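Heads up, the next two complexes both have chain A, just with different partners, chain B and then chain C.
Now for the complex of A and B:
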């Protein structure tokens, strides 16, 4: 099949995701309000309590708001990645997943396209958030906005692949609440999103180790460094590696020979 | 990739199911089923709910793959040459799969894109297919605004966009009133007659069967009969398909 066919298929999936996004404006707003609440209220409250010393990539003392901004960008990507996992489960129940999977293109390609489409929508939300944050005087270097694009995209597909993997394992729609409690919150809190790793190490060595292994920490650090025009090699490697592993397992999970579809049957989800 | 020519020759079956068996854990859903469907024919698969129709359709559409047996669409193995096989196949699933928030045009375009059609092909074919089902003026309406029967016809139109030579319809009349049911069935028969698309129409409604239809009777995962409806009646010594079905399976059906 020619590359044009692949491209058309990708365009179709991106377009549908974009349309869905337009139709679910409340979801978009909710996804934006969440990190804004953290920025305006949580960060303001903690500003006085948490002092952040000069740590790379920052060159001066920074306010707490500035510190948590990359973490909140990560939060948008994390929630969206998991939410698209929810929509995969929903899609499977509603049958439109079937419509997607009977396309003659390879299944890994269809799933990757879906992932990329969801990530592009996430990026739109991230930049809307950054625009509002700018008015709140969170002002990374202008070029940082551009440099952050690849870091954000890579983090988004990594978290999306995790969501996709979970969607191939979750049995029912209701279990999304479980995903919230057992995946999103632990990943978010046990990371460098809200406090620097050295701070965590001061209070709990164990938590420090957990946080340094947490892929979400590396997504956040990758974005943080990129936003300040630096590359965090270790985080780049971890995020890339995790994406590879999660995506590989997700494709296996949706494999027609052994995956989730095969085990559960046509009617069930 | 196969080197076979792209066009199916006359002897190749539109669909060939060979010795297919599928189990979910201990429950055997499809038990050693084999049959062939000739190009351009309208075949009815009759079976009660739970007979294994949907599982069989999932195997034919490669939503999952059977560990035993083989499915070929115009000679192409669904498991190994899925791309060639699936590009010749159109499907209308039992559950409605149209996104209610999209317009008809957007839904058709999404499907066309998934099959790699160009913008122009999609536009022309959408307009043509919609005109055929008398819904040309509804292209820009949201799916939400359409009736159940109209949505089903649009799902058929959508499945035809990439010009498949084989169509699977899994209980497409479920939930429709009598008039829409009759209209949909006669439209599908017409498509088969005029366009030469082979149709496999799964149903549990016996009154949808014509005496001359090639008929497959599926019961508890097994293929109980493969022939003309008329032959089934003769074999069971009754005049009506309903009675014959009841005798064959021991169950009274609608």
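Now for the complex of A and C:
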């Protein structure tokens, strides 16, 4: 098939995602309010808590709100990744998923396009958040905003792939509350988004190990380093690897011959 | 691909960060390590560590910048360091327990506060001799000299006074009660005001040189920091008479003050227990010695940002800069 067809398909999916985004402006605002609440209210109580040590990639002492900003960017990506999994389940229940999957293009391509479309919308939210945070005196180096784009995109597709994988397993829309409880919260709290790993290690070695293995930790660290013009090689490897694994499993999960779609029988939608 | 992109961005960032250099050298006295750290202004790294006598605190350069003088309190002397070879090349007599000193504007004398002996000693640098001494209050520390060299101001930590000394007669002419535990005295560049910090009082008193009276008291209030942690010590005043910087001790902040209106404009977050500071020759950067966190914070005064904190020796106390 010619690349034009591939491109047309990608643009179609991006357009559809963009339309959804435009039509659901409240969703955009809601997704923005969440990290802002953390920044303005939660961080207020811990303002000077990290003023006692220098944590790479920072070269000097920072306030807590500066520390949690990359974590909150990760939060936006995480919630959006999961929300897109919700929309997948919804699409499936409504039957529009079938329309997508009957396309002659390969399944992995369709799912990747969907992922990319969702991630681009996430980036819009991330940069809106960063603009507001700038007014709150969270000022990474100007080039950091540019350097963070690939890190944000990679993290977004990794978390999106996880959502995709989950959506291939979840049978009903109602189960999204479960995703909230069992995926989003543990991933967010057991990570370096809110506290540096050394501080977690002080209170619990077990939690420290869990957090070190948490892909979300690495997404946050990848973004944090990129925002300050550095590369965290380990995090880059973990995020890339996780993306590969999640995506592979998701493609399998959506394979009518094998995955859950098949187990549910030919009539399942 | 991604890593290449990131690397390119990081490289571009480095290029931007390396600004056209006015190279100079920063010296930091490390009270507990008995050393002086030498920091390069362009790489912002420690390039040399010089062993000196015990308990180095006050640190200043000779008028021609060829020598660095360091008060080594527990050895009761001043160590003299060659600023090219970074070697101790001699000593000067100082009287007992020298803590802080000031060079007279002609570069001939050092006025030295003898913390344990309640006096100010005057040492002739070339003759390497003590010329005279003046009795002052208990625990003298802060030393300020008027631009014309005619008036010396010493503060005594326990007496809570600023003593004005006529340098011709070497006699105290005025005693002014200031905030509790005064630590440093600095003349403004026009010689009209003397700024005195009070560590326990938590204030900076601005004294008029003409009337020898306090004309204004500056108070500090840092969001989220208890009042008792606000302990002003080091003071730096810009030549152009616009800005003043005050190190706030255990509140880990440096206050930015408008020299004309006395309004506190901002606070910079630096390392722990910041005491003394020095400004770059262009007055575009400020370096603060952070005692407890054992580092030197570099503040970009144009952007109003703390750039970096560089680990130096233990308990860094004073900073001097050679253009």
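The criterion applied here is as follows: the second predicted complex is superposed on the first by the 259 of 269 C-alpha atoms of A that agree within 3 Å, B and C clash if a C-alpha of one lies under 4 Å from a C-alpha of the other, contacts with A are read in each partner's own complex, and residues count from 1 in each chain.
Methods note: contacts are C-beta pairs under 8 Å (C-beta built on N, C-alpha and C of every residue); 3 or more make two chains touch, one makes a residue touch a chain.
Not measured: the values here are computed from a predicted model.
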With the two structures laid over each other on chain A, which partner does A:54 touch: chain B (first), chain C (second), both, or neither?
-> second
Taking the superposition as given, does A:95 touch the first partner, chain B, the second, chain C, both, or neither?
-> first
More chain A residues touched by chain B or by chain C?
-> B
Answer with first, second, both or neither: which of chain B and chain C does A:139 touch in the superposed model?
-> second
Between chain B (first) and chain C (second), which, if any, makes contact with A:170: first, second, both or neither?
-> neither
Taking the superposition as given, does A:23 touch the first partner, chain B, the second, chain C, both, or neither?
-> first
Considering only touches as defined above, state whether A:11 meets chain B (first), chain C (second), both or neither.
-> first
Check the residue A:211 against both partner chains and state whether it touches chain B (first), chain C (second), both, or neither.
-> neither
Can you list the residues on chain B that touch chain A in the complex?
-> 24, 29, 54-55, 57-58, 61-65, 67, 79, 82-87, 89, 91, 93, 95-99, 101-102, 106, 109-118
Chain C-facing residues of chain A, complex = 47-48, 51-54, 59-63, 139, 141, 143-144, 146-147, 150-151, 154, 226, 229-231, 233, 236, 240
Residues on chain C engaged by chain A in the complex (per definition of touch) | 2-3, 5-7, 9-10, 12-14, 16-17, 223-225, 252, 269-272, 293, 295, 297-298, 305-309
Chain A - residues contacting chain B, complex | 1-2, 4-6, 8-9, 11-13, 15-16, 19-20, 23, 94-96, 98-106, 110, 256-257, 259, 261-267
